[in-house]
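For clarity, chains are labelled A, B, C and D in written order, and residue numbers in each chain start from 1.
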């Protein structure tokens, strides 16, 4: 789960990491009021779950409440990489001496948290990594050790942080790591991490991603979820514990297991078609879940045919058949459905479908044949 | 001989009195796996259709000589279950559970690994050695014994490829589902090393998918020390960039991690890569036919 | 550092472990007042840093303040294994259903904390270990794992705790372990750990030992030290970071390193003498420290001769000689001193002593010769 | 060949800019030890009489190829210093520091051990291979090269026995001071195994003391797999029961742990035990004379 800047900073502040004072605003009036309350120079920032908002005009430094209102007017509704700005963060201005970059990433490859620190902050870290690789200090933290003072010392030395700044920076790095660990984050990124003119450090931005699987232990974070920002179908899928992704073709895909679903996307494309979306029902789905998933796949109006690709392990194919037939009984199905069942109880499942003899359903034996048929039917319908 | 699931396996099922636990323990036993014990705290002295239940894995090890554990418990208890098994001296742990918090697994991984304990999974279908033993949830009826070691990040894709191979009359030494979570105990490389050392295995099929760089790292190891022929299939050639494909591991980051990049890395080391399961199975069949 | 029962319970209570209400009392009046304040049945308990106080008559259950005063009168001043009772703990009586035993020990051999639990509580655990070994459940906690729920489950199962009591006991075991860990204890023992009639558990006693080397992190525990109870010489030695032990012979021993000192005790005995005490000055002692140590050794009136046995490593023998000569100049030395110097700067040290030519000092070449001389001189003086 | 302190040792001294650190780093280098680096955070770029100083052990490993670390830092920082060295990939860590909290060492031990890193100490004098290299604070002038491996829990007793042997014309392969703390990285058994595998070592002297059961465990291992002659000395025959003798390890608990019990356990496995250093040295001398 990705957090908005202001939500990340809420976690930072709770951990004792210095951040500027700020208020969330959903309207021009709220933005003006926030600027009035903060006084002096403020920064009006778009809150979107994507990067590059600076370049897109989503951040403005202004001198007074009137200017803040003007900036809010410009930024609210702004489209940043496909994300519409619906909320702002109005933050007190600070006097910046230097801009650094610091992050803790969950490095799957090394299976360790990865610390990155550079004095070249404020810019795109991918650029630093590519164009100034020596300026980007990297260090893995062995989880069996956890973060120790020596990690900070080593990282700051590698990044070339001036010796006289290290004493002030070290506890901040340690605390940011503790946020990563305690909140079970996949990413904690501060860019820029600023050195103020008074010699102290402050987190001027916050990109925090929390592990979805750990949210049961973090009710406060779960409560931060912005339901309005999610795609309604994806939201419905999440509520039913289904993985749903919207694409832009016309063949709906329903399968069990991420790998098989991905493979199905591939064979649809190889058969000359284009997937409209896909829905992974996971392992051991019940008939009800299959019904729900079909409903979500079909709610996308672009879908001209649906491919059911199921290889049963803990998922039982007879349950899948029951779910499909149940859905046909309760709802109007407006697109033809191609079904391929294999694995656990596949024969029983196919028998149920044969018995029902529904005209909307075509049963195919192999994945490639099923893909070809689904693509053909979609083309016929368009 | 096969690997992981062998005739020497003495299996303890953690979570045996749960619905899923009971179902798979019995299914594994029916297949011929030597299921010697189950564990559910507070249930010592009971049995599940003849399988004795203990309060702790340590008791299952002491009293029944369990050497392998199958973990089928809810995600919030799974990490501790794995650690309990490791602490009790079990040699291999197969964890089926899906949805374990990633930080829990970091801790587990770095406890298990330096101590030489094998962990398969989590969020994996387990290991099946056709005709010998099945540990986990792989539908065994799809597979038959043979010379092909099969390792896969994805459960259902494993079944798909196994089914395609079986349709061509080809069987498997062991099918290893390594799982697709951010932190898994057994990597492609570990599985390749196991197959390389296994008498029964003559060919290796590696089923990967987009995301991460495990397939690329495996390609290096194949060139370095795997002398048996390896064929690969990668899922996700048509995956849209930046979209999560369900597995947390399957996020494209830059050019590394795309199916095309993985295919290229593998082919550079002489590993043929199919672009769909049927094609991959055909490559294997051709290889076997050539001898 | 060993803690009194009431101090251990203070740590327990802070961690959330149930203990009975109680007050410390140093006099009969304080004991009566405490009993009045608690009301009802109270237990009057000797607070001594040794075991076996029950058998020695150091614990009495009484019905009212008058009886409490009577019990306090009897227990104050009571000698329990050489420890004089100077303080009491007056505790509210509780309704006990069962008595268990639980401890966490720092097991040096396994290099892991060792948990022990038995339903045979209230009695001497060494007896249980010897006579009912199967009743004493033992379990090591791998420090790389820390205490987990499964440790408690396994231990309770092994000890035969009834299943219906486990849910109440488990968190208590976990918390007692957390006290062991957080307070950096070498021992946390609760005997008896009682099951009350209402089904809850309570720590009815507390034996806690904290690692001396960790006290710099535990100022609150350090403040609990009972300076009055310590031997004044041992206390003086501790203050100067010297290890001093009082024995009952007449040869004082001063050496560097525990092993060499122990060996010196051996050779004194083998030479037919008896050590009066020994003082380990440790590694790298300065002349001042040597002086101080000599003063402590000589402050024991039984000492008839002193053996200086030094094998210099980081300790420099010239510093030792200087310390010895310095002590001779500032204080009256009432017993002959035999000196053996070897190792780092031994020649310089011996030269300094030869130059000073003090009649109180005899220099010997080997450890055995030095021991023989020290024993002879002690016998001559007695 | 010798062990631990060898001609292949590339030593980094943690705490080199401290008074003790500087003193011993230079003393070790003067003896011939290859001291390649020192570490003090914030002091990178400086040097201590030509020994380059780095901010981290990782840098000392990267830039100077350090493979062994000598830790001479105050007790409250020592555990982290050891962990830093381990994390940086050093193979051996010798920790001189006295007074490290026992719980810190529990954590250190269980991190180090499964990862195959050698830790000597803490609260030990280090290791000296006469004529080759000295790591730590053992006064090298007392010892000379020879065939006797010497391992001891006590620093000064090590010097005492070494001195007695030298007086009889006998020299040492390596002197290993394992330290007397509750948790130490290298046990008697580890040292015995090292000496058993070492070409130069022909005889082994093991210097123990009252408390614990390490000598008893060593006796078992000697019977099991040590083929070289072992002679022992145990300090504390006259120690009063229940009195701490300075070392935290030297507390008598029951009959186990007394010098007499240790002597008995060792003699039962054919290990002669002297009752004072002079007697022990004489036993060794007689053994060597016999050939």
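The definition used in the following text is that a contact is a pair of C-beta atoms (placed from the backbone, for glycine too) under 8 Å apart; a residue touches a chain by one contact, two chains touch by 3 or more.
As the structure is a computational prediction, the values presented were derived from the model and not from experiment.
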| item | value |
| --- | --- |
| Shortest walk length in steps over touching chains, chain B through to chain D | 1 |
| Centroid distance [mean C-alpha coordinates] between chain C and chain B, Å | 54 |
| Approximate Å spacing (C-alpha centroids) for the pair chain A, chain C | 58 |
| Chain C and chain D: spacing of chain centres that average the CA atoms, whole Å | 27 |
| Touching two or more other chains - residue numbers and ranges from chain D | 111, 114 |
| Two or more partner chains touched - positions in chain A | 142, 144 |
| Category of the chain touch graph - line, ring, star, complete, other | other |
| Pairs of chains in contact (touch as defined earlier), listed by label | A-B, A-D, B-C, B-D, C-D |
| Contact footprint of chain C on chain B as seen in their complex | 41-42, 44, 55-59, 80-81, 83-84, 87, 111 |
| In the complex, chain C residues that touch chain B | 142, 144-145, 148-150, 153-154, 157, 163, 166 |
| Chain A - residues contacting chain B, complex | 106, 108-109, 111-113, 142-144, 181, 184, 186, 211-214, 216-217, 243, 245, 247, 255-263, 265-270, 275, 280, 282-284, 311-314, 342-344, 366-368 |
| Residue numbers on chain D that touch chain C, as the complex places them | 20, 75-76, 98-104, 106-107, 109-111, 114, 125, 137-139, 142, 152-160, 163, 180, 182-183, 207, 209-210, 212-214, 217, 235-240, 243-250, 259, 275-278 |
| Residue ranges of chain D touching chain B (in the complex, touch as defined) | 114-115 |
